[in-house]
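All remarks here apply to the structure that follows.
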Amino acid sequence: MLLRDTWAWLTDPASWEGPNGLLELTLEHLAVAALSTAIAVVVALPGALWLGHRHRGKFLVAAFVNVGRAVPSFGIIVVAAVLFIRAGLPADFWPLVIALVLLALPPIFTSAHTAVGEVDPALVEAARGMGLGGGQVLRRVELPLALPLVMNGIRIAFAQVIATVALGAVVSSGGGLGQPIIVGFATLRTGGDVLLLGGAILVALLTLVADRLFALLQRLATPAGVRRLSTPRVDRRAA
Amino acid sequence: MTELVAALDVDAMISLEHVSKKFSGNIAPAVTDLTLDVPQGEIVVLVGPSGCGKTTILKMINRLIEPSAGTITVAGHDIRDLRPADLRRGIGYVIQQVGLLPHRTIAANIATVPRLLGWDNARIRGRVDELIELVGLDDDMRDRYPSELSGGQRQRVGVARALAADPPVLLMDEPFGAVDPIVRGRLQQELLKIQQTLHKTIVIVTHDIDEAILLGDRIAILEIGGRLAQYATPAEILANPASDFVADFLGEERGLKRLSLIELRMLDIPPGPVVERTDTAATARRTMSDHRTDWVGILDGRRLLGWAWERDLPVSGPIDGVSPREFRATLPSTATLRQAVDAVVRDHNQVAVVIDGDRYVGMLFVDQIAQELQR
Amino acid sequence: MNLDAALLGQSTPLIRWDWIWDHRDDVLDRLLEHLELTVLSVGLGLAVSLVLALIALRLPRTYGVISGLSGILYTIPSLAAFAFLVPVFGFSTTTAVVPLASYTLLILVRSIVEGLRAVPAEVLESADGMGYTRGRRLWTVELPIAMPVIIGGLRVATVTVVGLVTVTALIGLGGLGFFILNGLRRSILFPTEVFLGTVAAIALAAVLDVLLLGVERLLTPWARRQARQVD
């Protein structure tokens, strides 16, 4: 029975050991996701925070969101891989990361921009009145208050990225836990269905667990006073 | 439901018998043992302080709220015998915020209940045209949307909509509360005018005692807990309030409120100090001394030209050379005694001049008004 | 994965327009397939979401559970979702449509609930007072008024699904995703196809988005009229 076989495979320690074992793949999966998200944060956050603080670039946000949603992540991954291959570069890692960074940019940018922009204007005005300069207002007032929403955007991006890493297995030997799934598709008649199901379960679990853990981290990282104030209203796919 | 009414020969269109309502979660009942009859063709106003249950009572009539106890009959039928939707299609319902369907045109809004009842399109169209005219709207409003109308216009549409299927009964919950006083006054007068033609049975809820006195054939004053404090005609309540609560609720200047019930044409209005243009100065002076005034009104046949001070008049001879001063404000004979008091206070001759169209009727002085109060 | 052999493709131009023109019939076929999968998935998602939304409105306590479950379904990666269903339904349209529909639940349920909740209370009261039955009120009053919000959610759902349909190339469907995968899997790497698939998918998403916006404009002429009158 498929389920029993899958369970057996998942609980067999041998599946987890070794260079292509599940443990390695899981770690690789997480590493790729974390790196991509981190890069996206570094790229998007400063600009988003500053523009949000200055209340500029609102149309950019809307455009970003719409375009971001319309671009198929599968397409971008393959395009990036193809370009790298044509240029003679190794395509196992960086194309995937680049594609994932692009995927993560919209939610991070828009959440941060909106979060800073929607801080109570009365508070900003009070801070200015006390003599704080622009940068200080951003650092001391807007940022702490915007933190929950900013982190929410990062969490959404992270979840999206983890979900998409698996597609990398289509183009290369990367793609973390997407590997068993892709191999499973290819070897369906020869017992590949176990890999298929097992891989799918692991990917889904990883995504869910990582998302919840991030949520926990989010709550811990937010100062208590701010936590009570804000309620992230942002849709999971930052709309 | 409208067909049921034709066969009716009971006097009360709406009858509430020992009706109570208690909401779960509240200690005190909202309505306590209310028994009330609404006669056919009359306007009954439910009035009282906040929390007196007046809106609850209204909503029990069309079953938006179900009574906890007691029976309500409309047109002789227990309302529980009908499906709520069917009952409501036979009763017009107007609320303060109107609640026009924003996604339908004015014409479609008015046609709502006829459409629910399955009227054919030609009949609906005719009825909508009729009603738009009745409530005083322009014909080009048919295809507009509610968001394009002003508050007063929306209220009119609300009334038209409620009357569309020609229901025998109309329920109105603070219908004019959301518009400014000038518009409210206009709408109130128009409601009275419409009622003169249609003779509907109308129940109105309001917190405004003046509105109740103006509109109601009968007024039900309610206390907190939905208890009936007094149920009578406005004149009766103003003359004989049944309790201290009622007297307090009527407010100060109860006497003045009674004055607004009396129209000038119901009185004998004396001619006052007037002379013809062709009369002599001596006649004028005699008239003035008879009335103890230092001024006189000048007529030309039945038209009042104006007035003149004693010192404007020549020492002797005809007065037709005198240019009459204008009376600043005049009242028609349909005005109320209360308006006459207001005129007397404002006019520097301290008189209320009554003119119907072109025809001079008479003048009222303060002491004459006071005499009316004694009656 | 023919990464070594792919180096041979370096000499060809990046995009071969003549190839695209020659294969325009295939492009059209795949486009229609893509459209069909999108419409089926969003349609199914909408129907289910409507039911769930009505349940959530009637029994407010269930909204949290419904939202939570939709959220979990949304989090499951598309590749995994397809993989779950292949053993059950094989490489069929069902395997594709069911997960895609489930991705729309989160946004659609929320849109429908929020849209219906935003109907003003006095409109509901006057509708009841006039004698609307609950059912008729829902279909002829509440849903039409909630249209802008619902279509807003529908646009997001549709654009998202168009992107995800490309992944179904891995289970033999894919619509425009077929080109993306095929360009990769050929013995000689063929970027034209990959670009074609990607760009066409983006274009399709944009067109559908604008179409739905047009539908919204058509269905809600009342939403844009402003008050011009003063008493």
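Remarks
Letters A, B and C name the chains as they come in the text, with residue numbers starting at 1 for each one.
What we mean here is this: a residue touches a chain if its C-beta (ideal position, glycine included) is under 8 Å from a C-beta of that chain, and two chains touch if they have at least 3 such contacts.
Note that the structure is predicted; figures quoted are calculated from it, not measured.
The touch graph of the protein chains shown is a line.
Chain-level centrality, scored on Cα centres against the all-protein Cα centre, points to C. One finds 21 Å separating the Cα centroids of chain A and chain C.
Centres computed as Cα averages put chain B at a distance of 57 Å from chain C. Between the CA-based centres of chain A and chain B the separation comes to 67 Å, rounded to the whole angstrom.
Per the touch definition, chain B reaches chain C in the complex via residues 62, 64, 84-90, 93, 95-104, 112-113, 116, 144-153, 158, 161, 171, 179-180, 182-183. Residues 1, 3, 6-7, 9-10, 14, 71-72, 74-81, 83-84, 86-87, 106-107, 110, 156, 159-160, 162-164, 166-167, 169-171, 177, 180-181, 183-184, 189, 191, 194-195, 197-198, 201-202, 205-206, 209 of chain C are the ones touching chain A in the complex.
Taken together, the chain A residues at the contact with chain C in this complex read 2, 66, 69-76, 78-79, 81-83, 85-86, 88, 91, 159, 162-164, 166-167, 170-173, 178, 181-182, 184-185, 188, 193, 196-197, 199-201, 203-204, 207-208, 211, 235-237, 239.
Considering their complex, residues 120, 122-133, 136, 141, 144-145, 147, 220-223, 225-231 of chain C touch chain B.
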